[in-house]
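Below, chain A partners chain B and then partners chain C, in two separate complexes.
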Partner chain A sequence: MLSIKAESLTKEFKVFQSRPGLKGAFRDLFNRQYRVIRAVDAIDLSVNQGEMVGYIGENGAGKSTTIKMLTGILQPTSGQLLVNGYDPHGQREQFVRTIGVVFGQRSQLWWDIAVQESFRLLQKVYRIPEQDFKPYLDRMIEVLNISPLLDQPVRKLSLGQRMRCELAAALIHQPALLFLDEPTIGLDVLVKENIRQFLKEINKEFGTTILLTTHDLADIEALCSRVVMLDKGKIIYDGGLQRLRNEWGDGKKIHIETVDTYTLSQLQAQTEGMKVHWIEEGPMRFTAILENGNAKVPEVISRIVEHVAVQEIQIEEASTEEIVRKIYQEGLVHA
Partner chain B sequence: MLNMYWEVVRIRFLMMLAYRVNYYSGIIIYSLNIGVYYFLWMAIYGDNSSLQAMTAVQMATYIAISWMSRAFYFNNIDREIAQEIRDGTVAIQLIRPYQYLFVKAFQGLGEGIFRLLLFSIPGMIIVSFIFPIDLPGISPAWGYFAISLFLGFIVNVQINLMTGLLAFYIMNNQGLIFSKRVVVDLLSGLIIPITFYPEWAQKIIMLLPFQAISYLPTMTLVKGISGSQFLDAVLIQLVWILLLWIPIYLVWRHARKQLIVQGG
Partner chain C sequence: MFQIRLFHEYFKQYMKTRLAYRWDFLAQFLTNFLFQAVNLVFILVVFGHTSDLNGWNQYEVIAIYGYFLIPWSIFSAFFNLWDFNEKYIIKGELDRVLTRPVHSLLQIIMETMTPESLIGVFTGVLVMGYGIYHLDLTWTLLDFFFLVLFSIGGVLVYGGIYTILTSISLYTDSKTDIQPIIFNVSTYGRYPINIYHRFIQIALTWVLPFAFVGFYPASYLLDKQEWFWYAMATPLVGIVYLGLGVFTWNQGIKRYRGAGN
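Presenting the complex of A and B:
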């Protein structure tokens, strides 16, 4: 079953354009100029039940706008959209019972009251019977380790504490689909790890579909098998993380520190016939860049150690972060 | 369904308790208002025992009742809605399986019940010792008043919803909210009973919804209105409640389609 099915989903905004200067401001009073911005431009997206999808893109690429359409907050300008079998905007009230949402930058708990009061209100809002509610909530409280926070008002919690409570609140009605809009923004390493672990468990145990937007690619590496990359409102990549790496990674790098001094050409001679590019980093430090897929790390190393006295070897793989940065800068031309 | 909305009322009640200082300062402000208007009106009455078919004692009662009623029907949901629209939190409200406007209305009710129990009723008892006012004893008039006051509350909530929702179109509607407050206080008969306005102004005010908020409920108690007169008053209130839903519904529907979430 498909959790999300979007066809040529589009959202346009009319943006008021102000004229410069005082004269312009006066003219604006009587005659306003508008400009249409296409935030999401005819995207197609299908997500299966139980998938964990990372949704990435630069600031302003249209990630949040997409999430807001998928959650029924915004009405699409055009295109077909079916989420959990509902039209999110048209059937809002039935639809939102089947989803959970966490906005990293906004709290959905009630600011002035204790966390447990928020949970109780949500129980009533989603009409969860007590016998289902209690054991499930208790488990979340335990896994997320929030029991000491329950009687505190939300405004007194730290960001990490609050985010864990937000997650519990978003999952309280056991939704089949969970949207996370930058859930780990501003959190420390430990809390991040804690939250990732929790999401993995939820996905495994309940088959919850998770759509995650983030700027922290480590989140995606830890959680998602599939990445959807957005640029200027269009999907420019949709597929596995490994494929993205293979196609876009610069290839692996081998850093070598030698015992004696060697020249660059001496090293180049060793890997003759292989697609390896050598760089001299210092008198006794060299880096070999292996062209993607065409040169194997073990072969290069074995050829080098045969003839060169090596002090240390370090193998470096292109990080996802680097790949994504490269794509943003250069655009995905040959995808 | 209703269960959930009552939970909303309860939560608002808790929130009001969390900010008790606000509540204490409210008591002082309301007492001052009652005192000021009492002495002002007594100066106007001077030696007259009755003006515009209202005796001085009835006037004192009118002041006390109308201000204490205001504590019940008054709420800040217009400001809250405008705030939530301006900072984009309205988006969070839309991912919940409830009607945002009803939730707001019930929050207003929570606020109202809080003030009624912890503020109006004790306040009324204190006021009745200080000023010579004339309240009916245990009589059906209280029941009529309760019905009418509740309907007045609904009309006021509707006007607040409408004012708040205009923030969708006018991003900064603080001024609008403030002027609305003054208009409601003036035209609902809180500051001047409607019979004291000139003939032509009365005709206009009778065509507006504001009288349904304060004037009609207060008069049921002060004049002990019952029978067909009471039914007429309630009918006016009900008609306004029905009429006011139309623009609110239209604005909300339109706004939801046009919604741009502020701040990403």
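Presenting the complex of A and C:
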């Protein structure tokens, strides 16, 4: 079953353009100039139930606007959109019962009241029967380790504590689809790791579909098998993380330190017939650059160690972060 | 009904947070009370100089003012939309509201209510009772029924107009200062309408029908037959304006552009 089905989904904003200077401001009074901005430009997106999808893009690429359309906050300008079988904006009140939302930079909880009171209020808002509510919430409290925080008002919590409570609040009605907008922003490494672990468990246990936007690509690496990349309102990549690496990442590098001295050609001879480029970094230090997809690391290493006395081997791979940066800088020419 | 039960839950939560700040809560009560007392003093001062206000004597004006306080207090307890633009649009709280399965306007009313303003109902009944006591009127059970019906109608008129005004923020992202102006106009409804210029009378009846909040119903309760049909129309005007308000709001939500990213 499809969780999200979007066809040529588009959102345009009319933006008022002010003229410069006092004279311009005066003219603006009578004759306003507008410019139409396409924040999301005819995107197609299908997400299956149970998938974990990373939605990435630079600031202003249209990520938030897409999320807001998918969650029913904004009405699309044009295009077809079906989420959990509903039209998110048109059938908002029924639709939002089937989704959970966490906006990292904005609290979903009531600021002044204790966390457990927020949970109680949400129980009433979502009309969850007591016998369903209690065991599930207790489970959340245990897994997220938030029982010491329950009687604190939200405003007294640290960011990491708050985020764990936000997750519990977003999942209180057992939604089939969870939206996370920058869930790990500003958190320290340990909390980030806990949250990732928790999301994995939720996905595995309940089959919850998760769509997350993030600037921290480590979130994506840890969680998502699929990445959707957005640039200027258009999807420029949609597929596995591995394929992204293969297509865009430069080849892997193998750094080798030898015990005896060898010449460059001696090493080159070992990988004869493979698409490997050798560089001599210094005395007894060499680097093999493997051409993408054409040379396998294990094979190169096994050939080397057979004839060369090796002191140390290091394998280097471009990080997702570098790859993504490269895509933004170079645009689509590569593909 | 689900909505009423939910209202009750929000109310309980609100009281919990309010009672946590005891002195603040008490101060709020006192300022509300003082504010209404000042208005009453103003009426007394006016009648210190004249015994007659275009055919209305002091006790009648006091009774109208007292009546006006009833719908006005109920309104201000539940329609606290003054900082809607700031809090919900600019800070983006509306995004959160829109991801919950309850009508957005109802949620905002529940989140911003200040039930302590309801003390004004009590003050209003006292002031009105004081005026009527000096007027030699006989009150039947039917009059009490109309008092309740008209009060509800008045709250709906107020609520409708304010919902329309608040909805403006959903259509434009620039700040509007129209609310305080309208708020000033709204207080016109608590004096006899025939003391105003003809133009203002029409405006208070047909454009911004604040006369239906105070004067028209009160005149009926003071046994003035001249505005009988206006008084009877109060609940209808209330329903029409609330309907307009909700319609404007719903259209606005469709055009909502989201908080800045």
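Everything below uses one rule, namely that the second predicted complex is superposed on the first by the 286 of 335 C-alpha atoms of A that agree within 3 Å, B and C clash if a C-alpha of one lies under 4 Å from a C-alpha of the other, contacts with A are read in each partner's own complex, and residues count from 1 in each chain.
Just so it is clear, a contact is a pair of C-beta atoms (placed from the backbone, for glycine too) under 8 Å apart; a residue touches a chain by one contact, two chains touch by 3 or more.
Model, not experiment: these values are computed from the prediction.
Undergrad: Per the contact definition in the header, classify A:L74: touching chain B only (first), chain C only (second), both, or neither.
TA: In the superposition, A:L74 touches chain B and chain C alike.
Undergrad: Between chain B and chain C, whom does A:K124 touch in the aligned arrangement: first, second, both, or neither?
TA: both
Undergrad: Answer with first, second, both or neither: which of chain B and chain C does A:F206 touch in the superposed model?
TA: Neither partner.
Undergrad: Classify the contacts of A:Y328 with the two partner chains as first (chain B alone), second (chain C alone), both, or neither.
TA: In the superposition, A:Y328 touches no partner, neither chain B nor chain C.
Undergrad: After lining up the shared chain so the two structures overlap, which partner does A:E93 touch, if you call chain B first and chain C second: first, second, both or neither?
TA: In the superposition, A:E93 contacts both chain B and chain C.
Undergrad: Given the touch rule stated above, what does A:Y136 touch, chain B (first), chain C (second), both, or neither?
TA: Touch status of A:Y136: no partner.
Undergrad: Share the list of chain A residues that count as touching for chain B in one structure and for chain C in the other.
TA: Shared contact residues on chain A (touching chain B in one complex, chain C in the other): 13, 64, 68, 71-75, 92-94, 96-97, 99, 101, 103, 106-108, 110, 112-113, 117, 120-121, 124-127.
Undergrad: Where on chain B does chain A make contact in their complex?
TA: So the residues of chain B touching chain A come out as 3-4, 7-8, 11, 14-15, 18-19, 88-89, 91-92, 94-99, 256-257, 259-261, 264.
Undergrad: For chain A, which residues count as touching chain B in their complex?
TA: Residue positions touching the partner: 13, 64, 68, 71-75, 92-94, 96-97, 99, 101, 103, 105-108, 110, 112-113, 117, 120-121, 124-127, 153.
Undergrad: Sort out for me which residues of chain A touch chain C in the complex.
TA: Of all residues in chain A, those touching chain C are 13, 59-60, 64-65, 68, 71-75, 89, 92-94, 96-97, 99, 101, 103, 106-108, 110, 112-113, 117, 120-121, 124-127.
Undergrad: Would you mind writing out the residues of chain C in touch with chain A in their complex?
TA: Chain C residues touching chain A: 2, 5-6, 9-10, 13, 16-17, 92-93, 95-96, 98-103, 111, 254-258, 261.
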